[in-house]
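Each of the two complexes below includes chain A, the first together with chain B, the second together with chain C.
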Partner chain A sequence: MNWFSSFPQMNDSSLTALKKAIDEGFRQFTRQYGDTIEGFFTPLQAFLIWAERLMINTPWPIVLAVVGAIAWLASRRVSVTAAAIATLLLIGYFGMWEDTMRTISMILVCTVLSIAIGIPIGILMARSAAVQGCINPVLDVMQTMPSFVYLIPVVMLLGIGRVPGVIAVVIYALPPIIRLTNLGIRLVDRDMLEAADAFGSSSWQKLRKVQLPLALPTIMAGINQTIMMALAMVVIASMIGVQGLGQPVLKAIANQYFTLGIFNGLAIVGIAIIFDRVSQAFGLRLQKHREAVHG
Partner chain B sequence: MKTLLATTCLALAVLGGAGPARAAECGDVTIASMNWQSAEVLANVDKFILNKGYGCNADITTGDTVPTITSMVEKGQPDVAPEGWVDLLPEVVSRGLSEGRIVEGSQALPDGGIQGWWIPQYVADAHPDIKTIPDMLKHPELFPAPENPGKGAVTNGPQGWGGTIVTSQLFKAYGAANDNFVLIDTGSAAGLDGSLAKAYERKQGWVGYYWAPTSLLGKYKMVKLDFGVPYDPAEWKRCNTKADCPDPKPNTWPVDHVFTLMSKKFADRAGPEVVAYFKARAWSNDTVEKLMAWMTDNQATGEDGAKYFLKNNEALWTKWVSADAAKKIKAAL
Partner chain C sequence: MAEPSGLGIEIRHLFKIFGPSPAAHVQKVRDGLSKAELMARHQHVLGLNDINISVPAGSIQVIMGLSGSGKSTLIRHVNRLIEPTVGEVLIGGADVVKMSKAELLQFRRHQTAMVFQKFALLPNRTVLENTVFGLEIKGMPRNVQVERAMRWIERVGLGGFEGRYPNQLSGGMQQRVGLARALANDAPILLMDEAYSALDPLIRMDMQTVLLDLQKEIRKTILFITHDLDEALRLGDQIAILRDGKVTQQGTSQDIVLRPADDYIANFVKEVNRGRVIRAEAVMAPPGPTEGPRISRVASLDEAMRLLSRSGAQTAAVIDEAGRIVGSLDLPLIVSSMAPHEPEMAQNDQRVPLFS
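And now, the complex of A and B:
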């Protein structure tokens, strides 16, 4: 009755042989195509290095002024601008300025990439049930597969550093924006779409002028989640050598420096909140058309 | 009636399936498994022997050198650290021993641990003039930093390893920054291994921290750089091993003494047989490297490696345990 109490699994030696065959296959792949793939990512790497140098070498009052200006232009609200500047001032005062600049430069690129890739995919999914059926499992894998599982092959191909970090962060941060864009567009009232058709809009006009504006609250929720998830990955990225706020947190975990961990953790939270409030306030301004409804 | 029947069945099942009887003397034991292969397999060997041979209830807890040894000295937890690389924390360990908080077992790796900065064999062959660290520092172009064009890179291990602290201090001591080098923090053991593997597979230059005995060094042939200066033990204790000491001097990395450490509380309550085991158990670098090569080839976990070792090295491990325990262990294999 042994098959009843312990699961009848694949023969140990065949299982090992299978694993080794896949590993060896992958190793051959990296030897053959490693250089080409690395070359493909070189522009991205150069851009990331340039952006980071820019943020670190800019004197801090200029960075504060630029952040304040962006916050103001996006939100037109004093509270958001003041909070953004105050948070950065506190972060700098507690000695985390350079790490924060590195993290901001990388996460900004990751978030913009995620949004730029995610919204079109979300729109495609909203148009067709077949596409949704194909992409949904991929999103599930992206969100739940432990990052180190796909990072090991990525590190073998690309080495440690920024590009694997960006890959890890983007893979994790992409699903929320895709799912919520898909959801937002699908939730648009059928009557609105009928009215748009009745007025003779083309597909593109319907998308731009009816579906996207009405789906905006949900899409903004997606952007908020993407930003939060991107910043949550900062520590995992530091495990493959990405510099920034993740490294002191990792140091704190490894050496049990409680306060160091808390300070850097709070800095990560602070940046997440700045990014989020500014983008949400911008989103609110884009939805000014809704005020007419309540008018 | 049905509910009564169901509850009775459930109760009987629970009682019937009750766990093994309480361990005789040594009770619950926590064994520290550090995140490198030799420590992992040794911890699993200890767990198997303690559980099957001496009736303990041993369990594995993960933790690296610095937090484990500090925690043992401060709080008496975990109970046993099978691979304690004591030379990386000389002050903490000597304080712990003198204050009677920890007890030294055997020298787990009598050949010692060999740590240092290694370069690939193909680089050493192509440049026979690079034998010491100062030689290496003259050639940043041979060891390019992947993300800092124009600079060389010394790859460090993750935080939490004693070797990481020593490497950072040596980096400062040799003035590597002035020779246009940067120190890369790889973030994790996987990151360090991945960076070495990638460089080796592509035949690129790489210099960084590593140690023997490991299976990675068995797979990728590397050459250890000489430090160029004799070993100075006072300086080692004073500055090379302290992360925040501002003025380290170049020093040779001594062959590490790797001792099994036990907390005093555990040594007192575990009984003389278990303590005798921990004072006798030791294996050569050769043995453990062969074992690790087998483990890597077969993708074995620490547990599988431990079982393989016990099955195939009876002559060796029966010397460590009492005859009684040996019988029980053989029966359990």
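And now, the complex of A and C:
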């Protein structure tokens, strides 16, 4: 009756052997292909460094002006624009300007990458039930797997630095943009698609003139979510050498520096709110045509 | 590109069965299996059952039927939004059913345009942007698109609204945009799928007038789907009545009202304002006294009655286009023709009513 009271698990020696074999296999793989893979990511590394330098070397008044202009163009609201500028001024005044610029450049690169990868995948998913069936479980894993777990192989392959950080952030931030692109396209009214067909649209014309424009508000919501999730990863990414607002937080945790932690934490919250409000206001403006209703 | 107007539509032996293996059941339907039996015994839905309709170029063909009769399925076979199970749809001699994918796109871009029951306008586009849609798909130069779209926007009475969004317009105005979008395509065939069913009655009458006025100049081949017999009688040069996927009667409005093919149609016709539909020539008596007012043979009984009562005469002479007297009408005859009596069956080919 031993099997009844204690679980009949694999015996310890074969379990250890299995783990060892997998570890050994992966290490082998790393040794063999690590350089190739690193080479593959060199352009990304260069781009990251370029973006970071750009943000840091640009004089602060110009950065403020650009952020203000973007906020205004996207939202057309004085309140949003003023709040964005005020937040950045406060952050700078408390001595976190450079770290903030590093974090913003990182988030921008991650967001652009996520959009560039996520929207095409979302479109493919919307066009084929089979693709959707394959990718959905992958997205589930990406969203539920603790990020520390996939940091391990990434660090083993690429070491510590910006590129592994970006990969970790993109893995974490990618699912919402894929899911919402897929959803937005699937939600497009069948009548609209039928009309497009009746006028002789090719499937590319249908995508470009009907599906994507009508899905755009949903896709914008996905981009907003992606930005927020990328920001949430800033501290974790700093553990593998990504510089920015995450590093002081990490230092604060290790040494129990309460004020350092809270200042940098608030700065992260500040940029999150700027990104969120500006992108939401832009999404809302895309739907202007829905507001005015006849009657 | 301005296509030469004047393509007729010829639908021959068209069957549509919905289900996992439709082709296997066509023969049984040909042999007389009914829609209900096909459903009960084989779990397949009979959409269309041996449809044969021939629409001359430049005329309005109305397909009338209640919901579930297959009328929307039928119109979607003309531009092959739905694939037929078997059959032919010949347009200008080409069989739409046999076209390749690329040919079908070109056919839809240049030969047909469609108006939808729920308008199907793009909400993120203005009236102008919606109207150019078909031209954009064809890849026309932008200035031609705008110029042509603006002309049709004016023509359907929406001048000044081209910058509005569909949400800012009433249902009637939205459907005018739908009509302008279809007409801007300048295709010889216009498909109208319950185009006016979502509009309220006054607006509907109004839009029917718009269509009839336009048709005088554009002379398109129009396939018009409706569930409203009054609308069918007003618009249709030819009317086909569809029931359970089968055409139960085809003919002019006079044929349908005066000689309904079965009780089902007779039941519909009972509710129709006969005075407005029936023409003088359909019920006139042989030529009688030649005094009294003259009435055109295509005048409705309503018009004839108004003319007679205004003139105070007892009888009116019915004349043809050349002015020759071809018959006579008096008030009792008109009144008895207008009252819905027991349905005269088609085989009872008696033009002069019994109580004259």
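Operating definition for what follows: the second predicted complex is superposed on the first by the 285 of 295 C-alpha atoms of A that agree within 3 Å, B and C clash if a C-alpha of one lies under 4 Å from a C-alpha of the other, contacts with A are read in each partner's own complex, and residues count from 1 in each chain.
Operating definition for what follows: a residue touches a chain if its C-beta (ideal position, glycine included) is under 8 Å from a C-beta of that chain, and two chains touch if they have at least 3 such contacts.
The shown structure was predicted, so the numbers you read here are calculated from the model rather than taken from an experiment.
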Per the contact definition in the header, classify A:Lys209: touching chain B only (first), chain C only (second), both, or neither.
second
Which holds for A:Gly265: it touches chain B only (first), chain C only (second), both, or neither?
neither
For A:Gly92, using the defined touch cut-off, is the partner it touches chain B, chain C, both, or neither? Pick first, second, both or neither.
neither
Is A:Val155 touching anything from chain B or chain C once the two structures are fitted on A? First, second, both or neither.
first
Determine, under the contact definition given at the top, whether A:Met192 touches first (chain B), second (chain C), both, or neither.
second
Is A:Gly68 touching the first partner chain B, the second partner chain C, both, or neither of them?
neither
Just chain B (first), just chain C (second), both, or neither: which does A:Gly200 touch?
second
Residue contacts with chain A in the superposition, chain B compared against chain C
B
Provide the residue numbers of chain C that touch chain A in the complex, in ascending order.
79, 81, 104-110, 112-114, 116, 118, 120, 122-125, 133-134, 136-138, 165, 167-170, 185, 191
Note which residues of chain A are touching chain C in the complex, please.
189, 191-192, 194-202, 205, 209-210, 213-214, 216, 289-290, 292-294
In their shared complex, chain B is touched by residues of chain A numbered 16, 19-20, 23, 27, 30-31, 34-35, 45, 49, 148, 151-152, 155-162, 238-243, 246-247, 250-251, 253-256
Using the touch rule from the top, collect the residues of chain B that touch chain A in their complex.
64, 66-67, 70-71, 146-147, 158-160, 184-188, 190-191, 194-195, 197-199, 201-202, 297-299
